[in-house]
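Let me begin by handing over the structure; questions about it come next.
Chains here go by letter, A, B, C and D, matching the order in which they are written, and residues are numbered from 1 within each.
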Amino acid sequence: MTLVNGLRMPRDCDDNFIHQVETESRQQISKCYQCGNCSASCAYTYVYDYPVNQIMRLIQLGQKEAVLRSRSIWLCADCQACTTRCPCNIDIARVMETLRFLSVEEDTVSIKNIQLFYDEFINSVKIFGRVFETGLLAKYNLKAKKPFTDIDLAPKVLKKGKLPIIPHRIRGRKQVSDIFKRFEDYRNKKNID
Amino acid sequence: MVNSKEESTTKKDLLIVGFLCNWCSYGGADTAGVCRFHQPTDLRIIRIPCTGRMDPLFVVKALIYGADGVLVSGCHPKDCHYNEGNFYARRRLEVLKQFLPFMGIHTDRFRYTWVSSSEGQLWQQVVTEFSETIHGLGPNPGVHGESNAKAMMSFFD
Amino acid sequence: MSQTAKRIAYYPGCSVTGTTVEFDQSTRALCTALGIELEEIPDWNCCGSTPAHSYDPLLGAALAGRNLALAEEMGLDIVMTPCPSCLKALKEAIRKYEEKQQSFLDILQMPFSGQIRAISVLQMLYEDIGPKTIREKIRYRLTNKVIIPYYGCLLSRPPEFARFDDPENPISMDKLLQAMGASVPEFPYKTECCGAAYGVTQNHIVGKMTGRILDMARRLGAAAVAVACPLCQQNLDLRQSQVNRYWHTTFQMPVVYITQLLGFTLGIDPKKLGLDKLFVSADDLFKEKSEPLENQTQLKSA
Amino acid sequence: MRIGVFICKCGTNIAATVDTEAVARKALEYPDVVYATDYMYTCSEPGQQEIQQAIEEYDLQGVVVAACSPRMHEVTFRRAVEKAGLNRYMFEQANIREHCSWISKDTEANTRKAIDLVRMSVEKLRFNEPLFSSQVPINKRVLVIGGGISGIQAALDCAEGGLDVVMVERESTIGGKMAKLDKTFPTIDCSSCILGPKMVDVAQNENIRLYAYSEIESVSGYMGNFKVGIRKKATYVDWDACTGCGLCMEKCPAKKSFDGFNEGLDTTTAINIPFPQAIPKRARIDPKYCWYMIKEKCRICQKICPVDAIRFDMKHETVVEEVGAIIVATGFDLVDHSVYGEYGAGQYPDVITGMQFERLVNASGPYGGHILRPSDGKEPKNIVFIACVGSRDPSIGRPYCSGICCMYIAKQAILARDHIQDCNCYVFYIDIRAPGKNYEEFVRRAQEDYGVQYIRGRVGKIYPEGERLVVQGMDTLLGTQVEVDADLVVLATGVAASAGAKDLAEKLRISYDEYGFYMESHPKLRPVETNTAGVFLAGVCQGPKDIPASVAQGSAAAAKTQALFSRDTIETDPQIASVNERMCIGCGKCIDVCPFGSIQWKTLRDGSQKAEVLDTVCQGCGLCNATCPPKAIQLQHCTDDQILAEIDVLCAGERHG
């Protein structure tokens, strides 16, 4: 048994986590009084492991592990329904976004496929400056060990000449990769202090 | 926050005169007391019916006679027990602020604020902060040049 | 409105250069016809989209920021993009600039004032052109054709971020469609999510989402669904076959860009509008053109 | 002056952190102080006697008590010194508890502070002068604004006590919101059956003069003597002639007029009596719909009215009533749910408000008591109730709980189950607020005996699907989304301050909170008084409450009025401004600033204009005092001299010590 906000519970509380989420998202989580409107409005609740309102509650209790390892934060499509309808003016979508990036930082991403896709996406941007969809999709599907997903669509798409075979490389690739570099430096500095 | 409160009491007291309206801020100070909210001891409170009663002269006199700081507090705008007293107060005290420098008085030595009778916590905060400010400024060096002060007085009389 | 050509910075975004190229085509064609000078941001890069933001909002902001900086360099104060998620990324960048200016600029390393404004194609059509002008300019009317306006998530949400239209019941597209003579029923799923990026990673989700939307559209007797978002279009159009498999349905619902519809009614050559790029053919919709109705429309506008 | 100083230990409350003995010793050094001591509990009976004895013994002319806050015991001690033959205003109290002993543990500093505070009080006291309150006669008539249940209760209680009552009602009938209700919780007794008789009493009680379809135009004067301008709005029917036979309603062709009483669920005629039990039962023409008013033809009502009471040329008129007290019972409005786009923004006919539901189930309602869908008149199978619509919602600026919704939807669900045996009722709630007597049991009954489904969670969206409405909600206890195919959705719209509340408040010079609810004098101890003497509050105009509470407050306001009127004159507080005519330059600044209009011009024999304070109106805020250029007008017991004296000793003390 450990104390969570002075409650004795069989789980750990990370006060720093609450603070971290609030500063990064610039939202006051304690405003949430659990009306459940976010979950009611969310189109994805049925695929979530924790509905949004429970995510908010978990944050209030500093349940870092549970939150950052949850599938929900990755299944959120950022559709803004929750934010639009929250009676307490909490920008919930932004909180979810914050959680995604915190979970990347902590390397606790639950849905590997999504991380895979995102990594490929970012790589594509790093290399070409833009997203090379053909390559991205192919590569992703291979790595995701499901090379035949959307295979049914491929011919159609190609017929319409919609998937360029050669990636477009922008001239400012250097500029873009520099942005990445400078960002990494910033990241490292932040993590040090 | 806490330790800052501790030290401000251990320092030697300076003199802060407080003018509090009977209905909101005086009650707020009472509430703070009832809740035992720890506060610096420099403040001496004069009870007035309403901040609308505040004659800028009072502030000026206090500062000239050697008070190190003056704190005026009343009801929040729109909550005035007498409907609009605190609006008049705001207008007058704003003007007063403009004049303090002419008397060689640091404007930070004077502050006015709104605290309701339920806001004990806020009152503790206000008192603590203001006392710290005043301790930061140190004792009131007094008015430079009697004549200057006289001039000011005549302005207000 | 804009008699003297109005100059706007144009940010196409990656997806419209590939899978949804017709949105790009029709947007350009339309703007030319409406006397709006689109200036593509030279050598623009990917806005970072959701992946970059999930990686770290600051990275996303910086990536999108480069495009904004370039646009400012062009001396333009408005950047328009056909893709709502790009739009969000651009706005996000402006917000980050306001919040974490220093680190933002440190990473971007480009002159940026944050004065630029980002808008969607729909916003431009509705606010800068407006239904009235459109009613005057169109040559063909979509008379007695039921067309469903589908907005998706991001065009008007969240309110204080989008600053456009009503978050719960947007009406801009409705008004535009009505101006084109179409009959527009109340569509309850206007802002329901289409499944967004899960087409790729979790396409069963998209199946469910889009299925509901298409079903409702059919029940309302829709001849087509009008959209203003490449992602929505892809999920509804490209993936319609998947939806049919998922739900054992037989949807054949054309999903058309508002820009294509508008272009058509203005009499722009369908080729230029990329109508042929749609997966579910919309030919029936455009087949029998009602006669040009200058005089009638004149009366209307009078 | 001979002054006695009493330092209270207040047990250990003060003594623990203040050296009271030292303070007393120090006090003896002050000018005029002839006696000083400390005592365990000065406010106690023996404590007070101690003071009185000292007054005797040392024949004191003034007393200073250093103890708790004067807001606590000033009155007590004033009474004590008065008993001993002093003028009660020859007393000052220094607050060395709340402002000293309780807020610091540093005994030294506290003692120093206490010494200063006592010093200041002594100095102030030296300038005190005996004050005597004057007596003014009371006009023993009371004005009740608002003819809802709490207004009615207040009026009847006052009339019962033999007072003349003037009642002003904005609508053309009294009864307010309660008249529209079908049943009332938690007893399910018929609303009009319990309200009706009271309405009749109002009509029949010869002590009550009722101005229906009238509004307050102006208020002047003060407690005991108010002058109220009442605007009688044109009804276009001579109510002295009209018998309420209703013939005109049968014949009036403008049948599409808005029916406010039925919450717009039905239409009525342009000339109409809101409902059969209306009081007064008089017809009124709605100019927005009357054919003759819009297009100059028709006049059928005029032709058929047996007592020819129709007056198309009727104008508004203003009457003035003089009263001694005012009871404000202006009630409330319901939150406009059109702000909720996700609930259809008021566009879906089958998404209705709680009040509309009341009309639906009511036997005298549009469907004669059958619950039917407004859209197609079909009987609903699935009825969904949504709580907290417009309550607990900071995003629309209403963070407060409306207090009544939880109960009325429980009642309505029960009624629905009673009317339609095989219907399903679902209630989406966030928390159930059922604090009243038998309330919780009532809500339990809804669930246990009537099988109402309670789902904890808010509804995200309502959208039409075919003939039905899909309600997309959340069961937060289960952690899953739930959808209901509803035939009828009832929004438990919350309580909002009445539209005209703020204007009226300005006229009455009473204050209101940020939501427009009127402010009581003290949230706990003065719940029906306002800060304007002689103006009392009753009902929801002061804040959300249910019928029992509104009635109780109505009676309370009546009781306060009775108490006020039980005397023939009122004693005025003498701590008010007074003008020194020799110094007054007649600039009139004080007249301009006075928030209460309590200063007027006075012409002296030499014809010169001077300011004059109306004792009974002045509230003693001192605004005039601070404004007066020559300081001719002084707030007694808080004069410039007194305040300056306090400042002086305080700072002087500091300078030399």
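Methods note: a residue touches a chain if its C-beta (ideal position, glycine included) is under 8 Å from a C-beta of that chain, and two chains touch if they have at least 3 such contacts.
Please read these numbers as outputs of a predicted model, since none were measured by experiment.
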item: Innermost chain, where centres are averages of C-alpha coordinates; value: D
item: Selected pair, greater C-beta contact count between A-D and C-D; value: A-D
item: Separation of mean Cα positions, chain D and chain A [Å, integer]; value: 51
item: Rounded Å distance, chain B centre to chain D centre (Cα mean); value: 33
item: Multi-chain contact residues (two or more partners), chain C; value: 167-168
item: Two or more partner chains touched - positions in chain A; value: 81
item: Two or more partner chains touched - positions in chain D; value: 342
item: Full enumeration of touching chain pairs; value: A-C, A-D, B-D, C-D
item: Complex contact set, residues of chain A against chain C; value: 26, 43-44, 47, 75, 77-81, 83-84, 91, 93, 97-98, 100-101, 104-105, 111, 113-114, 117-119, 121-122, 124-125, 129-131, 133-134, 137, 140, 144, 149-150, 152-153, 156-157, 160, 162-164, 168, 170-172, 175-176, 178-180, 182-183, 186-187
item: Of all residues in chain D, those that touch chain A in their complex; value: 342, 388, 392-396, 430, 456-461, 472-476, 479-481
item: Chain D - residues contacting chain C, complex; value: 340-342, 345, 347, 463-466, 470
item: Chain B contact footprint on chain D (complex, rising order); value: 69-72, 95, 97-100, 102-106, 109-110, 112-113, 116-117, 120, 509, 511, 519, 531, 575, 593, 595-596, 619-623, 625-627, 635, 638, 640, 643-644, 646-648, 650-652, 654-655
item: Chain C to chain A touching residues, read off their complex; value: 14-15, 17-21, 43-46, 48-59, 62-63, 66, 88, 99, 103, 106-109, 153-154, 157-159, 161, 167-168, 191-193, 195-203, 205, 209, 238-239, 241-242, 276-277, 279
